Structures are given as structure tokens and as C-alpha cells.
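In what follows, chain A forms one complex with chain B and a second complex with chain C.
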Partner chain A sequence: MNRLPLLLCVLALAACSAGLEPMAPQARPALADDEAGVWLAADRAEHGLQSAPHRVRDPALNRYVQGVACKVAGTYCGDIRVYLVREAGLNAAMLPNGVLTLQTGLLLRLADEAQLAAVIGHELGHYVERDGFAQMERARQLGDIGAWAAVFGAALGVPGLDSALETEAALDILAFSRDQEGASDVFGLERMAAAGYAPQAAVEVWDLILAEAGADGATPADRLLATHPLPEDRRERLNAAAIALPQPPEGRGRAAYRAALAPHRAAFLADEVRLRQPTATLRLFRYLAERDGLDAVLAFHWGEVHRLRGWKDDRRKALATYARALALPDVPVETHRSIALVRRALGQWRGARFAFQRYLAHAPDAPDRAIVEAYIAEVL
Partner chain B sequence: MRWPVFLALVLAVLAALAGCARIAAVGPGRVEIGGGLSVQAAAGWNRLPRGAFGAGAAWTRDGPGLDALLFVAGHGEGEPLFAHTRERKALLLRASMTPTEVMELWATELALADRRMVTVGSLMPAEFAGAPGFRFQYAYADADGLVFDGYAAGAMIAGRLYLIAFSGTRAHQFRAHWLAAAALIGSARIVSD
Partner chain C sequence: MPPFHRLFLLLALLALAGCAGGSAREVAQLRTADGPASIALMPLDLTLTRRSAGGSEHPVADWTLAAERNLTLALMAAARERGLRLQPVRHDLWTQPSLRPLHLLHRGIEGAILAHRFGDSRNRLPAKAGPLGWSLGREAAVLRAYTAADYALFVSLDDSYASAGRKALGIASLLLVGMPVSGGRQTGLATLVDLQSGAVVWARHLDRSTGDLRQPAAARETADALLEDLPQ
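Showing the complex of A and B:
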């Protein structure tokens, strides 16, 4: 989990792109060019990503996100290949060859299609401007293509390629300059606006990162800001540029985004809970609830954070949060089991037994039925 | 100190260190793990150097990258499952933990150890070392993309957790060594102090 890359930016080779022409659509460096070596390394990283076990393979979700990427990319649609990676981080990354990876923790945090378009637009900017290419000198210093493949692999957590470097070191090597980030911000805004999305969504992406930072000391947001400090005026410049652009009221795509994510949202929330960074996760869940409203799935996982932390007041808070989940539609059946576990820990045997029985009544084929029946026998 | 004496001392220290760090065969026979836990080891098991996987004790048959047998031997209230999470308050054991909560903690430990796509399940009551306990299955992919299956069994006895977990590659090691691991787990005994 420490390998989680935490940049909200591109990872490419070659920086210092003074004088480089933008990458043309459907273009690929000629084999004789130095840039071709960079692409070859990225191709190797992509090959590893294709068979990575943590790649999200759901065709519907992949089709949806790739579709958004194509809307933003326009004539570059065929150049950008999106890979969704099951990680509780909030990173988006692009390799020089057009491979765009998005961590599922980022998808969980985004509110709508416009915010997704903002992330993709920003990343696309690095691709089109070939931002990494001026790091070619670094590439030469580092050695061969295999070494750069290791850098890409480490940054993306690609199996088989990431053993040589720690993620943080890889990210440091691949970090872009402030000017490049600023230019990509502007590029992304223009792209998403051209695609019909509300540019203000790009500012909101920064706001959600900032809302989460500062808890537990080492959250994904904290690490992102540590490796890529937010220039004080960057959000404001982004905001000023966004305000100057049209804000189509229909340009949010909220319903479509939520529908695409719905089958996976519970799993992505569970990934956050499993990290056991309770302060940070509670801050995130509070932010999501305030922004999107509290639904039963979010309330259940919120309760889980309290249950698993188990501090002095956590059991009471867990029960209160589970109660809110039960009052909402589509409550996860596991809520009953969690209520029972908390009541059992509190010595509330009757309540524990009742909740265990409710769990089994709602999930008669539960895979843990035998152990739950043992719990019931224990509290009789 | 004369050079030959100094050199001999250095070599002796290096030899001792090498001895600590190497993988050594264990068994066959009954082996004390610590914390009062002992198991009957058949031939073929190898003890990994102290601290491997952060576990109190860790064994393997084909190598730590392919299969591993991890021991949690009598960890009590406020102690971590693995040494590397000692500083994480949210990951410390509670004597009142249910098997469900132990399994959840196991899943978190795997995730924090850079395992991906961690799943746990099939939690069942099961006797362990002659006491009422539990067993569950788990699976994950390591950083190199190898997929592993795992099986754990344990019990909370007098407020202390005893647990033995075996994992091996799905492609070969788990199935190849499953019977040996199950026999070993079934042989667990706990002698109270």
C-alpha cells in the first residue's frame, strides 16, 4: 500500500520541452528518435499493466471512463488508453505512450463526470505537450530502457517492473515542473470546456484533495501534496480561468457517473476502511456525505470505521451510524452483523443475538453462517 | 590487537551473522514456536530468518516468494499481529476480538504489506490446539502479480491469539503443500506457562 503513487499528474519521460512541437494525433515517435526509447519503456510498463491482477476489468466501467476520455481527447481519442487500477489512493498518471491510469480511490472521490473529465484533460495536456520528453537527459543518465521501465513500473505499481525502485523515488524522478503543471491545468480546462463540461469541476478536484489532507499525517492527499506542493496561487489561477469559460448547467454528468460507479462503490469504500487510517477515512466519508448526501452504503462503511477503531466512544458512534444506515433504502445486510459484533463487545447480549439473527434472516446463505450461529449460541 | 586475531574475530562475527540470516531446515519432529505453541513438523519445512514477513516465526517449503507458513504465537491485548505494524494503534489486538474481527485484521495486514486484491472469507468454527477456534481462507496477489491462496486457523485462548496461516501460489504451491500445512496446523498444541 505504501507504493501507492500519489500524483495527480502525468508520469512521462523527458521534460524541458522547450521548442518541442505538440504531439500530433495518432503519432508515434520515429524509431530513430530518442523519444522512441521512452515510448518503448512505457510500452513495457503497459504490457505489465494489461495482466496486472489489480486492474479493474469490468467492461461497462472501462467503456464509460474510456468514453469520457475520448470526449475530452477529441482527435487524440485513439491515442489515450485508460486503465483502472484497484487502489485506495487518489492518483492519476499518464505514461508518454498515452497510457492513462486512474486509481479507484480517485473514482470514489470524484463527484461527477465533469470532475473526471477535468482529471483526464489535465493528464492529456502532459501527453500532448510531451512534457516529459525533456527529461531525456535523465533517461540517459539512468541507463537503458529497462531502467526506465522500472521507473514507470514503480510509479504505477506494475507487477514485475517495480522491484528496483520505491514509488516515491520514481515519482520524484518523474515529477513535472510547476510551469508544466500550470500549462496542463489550462489545457485541461479548455479541453473539458470544448467537450461540454463545466470547467469549475477542475477547481473542485483540488478542493476535494485539500478537504482530505491533514489527517493521520500520511493520507493519499497528504502524500500527493508532499510530493507535488500546491502552489499557493495555482487553485486561484485555475479558478479564475474556469470562471472565464462557459459553465454549461447540463455539463456535470452526475447521474451517468454515479450509475457507472454504483456496482463498485461499496468495494471502493471498503478499500478505504481496510487501510485503517480512521481519522483520514472519517474525514473523507464526512466530505462525501456532505457533498452527495448520506446513503446506506456510505453510512454502513462509516460505522465500520468506528467499529474497527474501537476507541472509547467508537462503539456508540458505530451503533448510531448503523442506525442511520438502517433507516435508509438498500442497506447492506452486513450492517446487522456489525451491529451484533458491537453489541457483543458492549456485553449487550440480547441485542447482539437479535442482530445476529436478523443478519441470518436477511442472508440465509451467508458464507459465515456457521460462525454466526456459534456467536448466537455463545450469547444465549 | 594483532591483525590475525582481529581477522579471526571478524570472520567469527560474520559467520555468526550468516548463521542467523540463513534458511534452515526444521523437523521432522515437534518444534516449539514460542508463546507455548508447538507443532509437529514433517520433513520439508524450512525456518526463515528471524523477522521474515514481520512474523514471530515464518517457515516455507519452496521459498518465501512461493509459499509461507506464518505463526502468531500467543499475542495478547495491545500487541500487533506483525512487528511492522506495532506503531499503528488501529491495528493492535484486543483480547475480546471475535474470529470475524481477527479475519478483518488479517486482511488489513495483508493489504498494508503490499498485497493486492486481498479477499478473506469462508470463516468457520474449527478446533485449534484442542480449543474452540476458527479457520478462514484468503487470497491475494503479490507485487509481482503472482496470485496466492491462503488458509488460516487459530483460536483466542485466555485472551491470547494463536494463529497459523499458510499461503502458496495458486498455480502450484498452495495445492502441492496444502496437506502438509493442514497436518501441521492440526498438530498445534499450546502449553500454558
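Showing the complex of A and C:
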């Protein structure tokens, strides 16, 4: 059928609904506004987050990330509330009421404070531009047009008018969301640069996302890309804009970021291992090792991926990776237990016993002491 | 079937649905030490929405806040008339991390009761045909410690109103093709939990196209409809 009338409808809509005023600092929508309803729903979600067991409550890490958020947000500092959510995988989200949720898997992947600032700047853009509300409004308007089309289509004897519009509407929402993401990229870049961070970090975050996008199965990046449609040139556009800005060499904040993350890094690595997506996790660990160098904690968890996958070559690879961990400073005591478990599975009884004993020597108060002692007795 | 036929079939079904609901009662009388039974009114789970012409629902903040106030007062008055003491708890009760599991469990029970007791007959469970048989378990005592009440009354309600655009669409649809378009709806579930045993001793389901929680008088009517056969 002729698509022209449909396109005209959608174009007319695009013209008349263009542009909400940006949200002012320290503002809330008036109670009688439609937008207040969106905030009400977000406030309720925030109540849920406050008592959520998977929220990271460590005051030091929260203070640090909230501090970075404030640097980027400037006058919007008081409007943005950071919630750290203990979850593997790479994602961040902004609710319409200024609740910024950051997954711990994202914190694990970022290299420095400038990259964190880039993510926060992008999400801040969604808040300031009121993107959540704008998108809902647009979906509502498209739905309204569809309903009218159904009635008039039936009255005029033009069947299928509403379902044809439905497709048009779905495409329109995708394009709308893509435009919002692009605008937020630019907004975030300007914000982080104004706060003194190196803008190139924003491009690096994109490289991080793209590096994961090729992995197998349901990768963490899949979920993000499902809501963030990725035109070929989004990274390139960001890159072109970033290159034009000054790159202060002191604007990386690498040491501060690593120090803030350090107490939690082992736990966040373990979360990734627990996803049981070995190919994707190995790809991530390789990326982290190439970027930051291999340390004992990363090597141990790398070995764990092999041990838990247990394919043909994995036991040998696990042992080789644990051996690399042992050669590095500050090796996690669990490395000995994992070596013992692999050797036990391989029937290497003496090696297993030796490693179990070393585990208990390093962790005499281990909660699993009884079962480890039972293993030692078994392999005697 | 052409898409618009499907749409009208759906609309006709919605119009036919009219008003439904029901209740289930496990006890005829509430257990009391002396005097009237004390019931804690849990934070209302209430959302008032505006239905757009297209049928999507959008929460409305000022309506919802007014409805929380109206329904709380109306429920207290309705309970008083039935000789019961209903005491609202603080509205931020569920932000307590220690209460989160109970809150989630109760929500799950609400969903189960709606689906398997009051919902579509194909979802009725043979084992749930008689007594309600849902319970929060002994952990409900935690709520008892918080509220100092014998029972807890939970009310979850969604109340929607047709927008001007949807009303206009309804008129156009009636005139042009002779089919009605569904308007607003009031649907909800009230449950009474015995805080000593954790058992859900009473449940009432509301699903109708009348009611207006934005107005105090109409909210009182909803409260009466909700508590109609609450044990005393």
C-alpha cells in the first residue's frame, strides 16, 4: 500500500513534538504535570533500590563514585544520586528522577576515572534532556495515532492501516532513541571535558563495548546494545569530537580509580566467572590483562574460568594460569585450593594433597576446612 | 482475520468484561485478646493512571497522591464502622532492608491469588479451589514487631481513567463503526494476613469499570466495596 500518508503522519508528529526544554538544576516537575507521573514511578523504583540486597553499600566506594558524578554534573550535583548495583556485565542507566545505577561489572571494566566520568556524563545527558519522559510521550502519541487509524481504517474500509502504522511507529521509536543516544554522547563529552577529564576516555569506553560485542551467546554488551542501537559511525563521530578537544594528560585519574576499586575487584571478577559464559569472560580477562597487566587476582579468576568450563584442554590451562598467579605478588589463598581440585580431578593425588595442605596452611580458619581435610584424607 | 476485526473483537470482550471480582474468607471472626482486633494498614500500593487514546496507561502523580490520602481515610472510616481498629503504618515501611523479603513474598502471593483464585478459570489450581492456603510463614512475626497489630491489611489497586483523547476516540468509534472503546478501570486486591501464623485469612478482588479514588466520597465507596465481607 501507499506509505506516503503514514510517513506524513509520523513527520507531522516529529515536527510538533520536537524539543523539551532541558531540566533545570534542582528542579522537579510540578505535581500536576504528566512528567510528575514518570517521576513517581522512578521514585518508587528508587525505594526498591534503597533496600535492595544487591546494592553495594561500602561508603568509601559510594563516596568516590558520587564525587566523580558531582564533578561531571556541576550544578546538577544535587540532582544525581548514584546507586551501585552488584551485577556482572557492562551497563549503566539513568532514571528520569536522577537515579543513576551503575553495574559493578562496568566499574570492573573501566580503566580510570576519566572513563567513569565519560559514562556518567552520557547518563547525565539523559537526565538533563528528559529523555525518558520524551520517549514515553512519543510512544504515547504514536499509539494514539494508531488507535485513530484503526477507527478510521475500519470506517473507510482500509484494512491494515493501523498495523502498517505500527511498524512505522516501532521504527520511529528506534530512530528517536538513537538520536537521544547520539545527543547524550556529545553532551557527556562536553561535560567531562569541562570537568578537566581527557575526552579521549569516552572513545575508549566505546572501544570497550565494541570489544565485547563480538563475544559468544548472550554477552553483557548485548543487553546494552539492545537499547542503544549502534550506527556504524557513532564511535567515529565521538572520536572526531574528542580529538578536537584538549586532552589534559593529568585528566585520567588512574591511580585514584584503581585505589577505590581495589577492595572490591576480586569480588567483581568472581561475579563475571559466575556468569558461566566462558568464552565472553576469557575475552574480557584477556582484554583487562593486556590493558592493565596481569596480576595474581586476575590470573586466579582466569584460571577459574578454565577450571569451571572443564573442556578437554581446560584443566591443563587452569593449572598453567594458576602457576602464573603463584609467581605474582599477593596471590589469593583460594588459588591453592583450586590447584588441588584440578589435580584431584586429574588423579594427581600427591599434588592435590600438597596443594590442599598449602591452602590450609595459608588459611587455617577457612570455613571449608572440614571438607578440605576430608579431601586430604581421601587422597592419602 | 483482518487486524481491525481482531481489534474490535478485543474491544467487545473488554466491554463485556464489565465488572468482576470476588472474595475468599478463611475465618468468620478475627482473633482478639480483648476489644476490637487491631489491624495494621500496610502502605497502599496504588497507582492512578490516565489511559491514552491508544490505550497505554500513564501514572498521574497528583491523582495518585490524592488517592492515597482519600483511600487511607476511607478505609479507616469503613473499618471503624465494622468495629475494627485500623492503624496505618509509616509509608516508607518497605525501605527497611529487613522487611524486603516479606514485601516481595507478599507481592508474589498477591500475584498467585490473582492468577489462580480470581483470574481466568483456566488458571485455577485444583488444590487451591477450597481454602486460600497462602501464607507468609512465621516470619510475618517481624511485621508484628513493627506494627504491634494482630493482622495486616494489604491493598493493591490500579485505577485508570480515560483521557480526553480516549473519550473522543470512543465517541468516534461508536458513531463510525458502532463499537465501544473501553474506558477506565479499577482493579485491585485486598488481603488480610494473620501476623501470628502468617496465613492469608481473607482476600477480596475488585475489577470494575466504576469508582473514582480522586474524590473522597467515591473513595469511601471503593473502601466499602473492598472491605465488604471482611471478617470482624
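The rule is short, and it goes like this: the second predicted complex is superposed on the first by the 319 of 380 C-alpha atoms of A that agree within 3 Å, B and C clash if a C-alpha of one lies under 4 Å from a C-alpha of the other, contacts with A are read in each partner's own complex, and residues count from 1 in each chain.
One rule holds for everything that comes next: contacts are C-beta pairs under 8 Å (C-beta built on N, C-alpha and C of every residue); 3 or more make two chains touch, one makes a residue touch a chain.
Please read these numbers as outputs of a predicted model, since none were measured by experiment.
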**Message:** Contact-wise, after the overlay, does A:41 reach chain B, chain C, both or neither (first, second, both, neither)?
**Reply:** second
**Asked** Which partner does A:199 reach: the first (chain B), the second (chain C), both, or neither?
**Response** neither
**Request:** Considering only the touch criterion stated at the top, classify A:53 as touching first (chain B), second (chain C), both, or neither.
**Result:** both
**Prompt:** Now for A:374: first (chain B), second (chain C), both, or neither, which partner does it touch?
**Reply:** first
**Prompt:** What is the contact status of A:32 with respect to chain B (first) and chain C (second): first, second, both, or neither?
**Reply:** second
**Message:** Touch test for A:278: chain B only (first), chain C only (second), both, or neither?
**Reply:** first
**Item:** Residues of chain A that lie at the interface with chain B and also at the interface with chain C
**Value:** 51-53, 159-160, 162-163
**Request:** Report the residues of chain A in contact with chain B in the complex, numbered from low to high.
**Result:** 1-3, 48, 51-54, 86-87, 157, 159-160, 162-163, 274-278, 308-310, 337, 341, 344-345, 367-368, 370-371, 374-375
**Prompt:** How about chain A: which of its residues touch chain C in the complex?
**Reply:** 31-34, 36-41, 47, 50-53, 136, 139-140, 142-148, 150-155, 159-163
**chain B - residues contacting chain A, complex** = 88, 90-91, 94, 96, 98-101, 104, 107-108, 111-112, 114, 116-118, 121-125, 134, 141-147
**Asked** For chain C, which residues are in contact with chain A within the complex?
**Response** 2-4, 7-8, 47, 49-50, 52-56, 58-62, 64-65, 92, 94-97, 99-100, 165, 169, 172-173, 176-177, 179
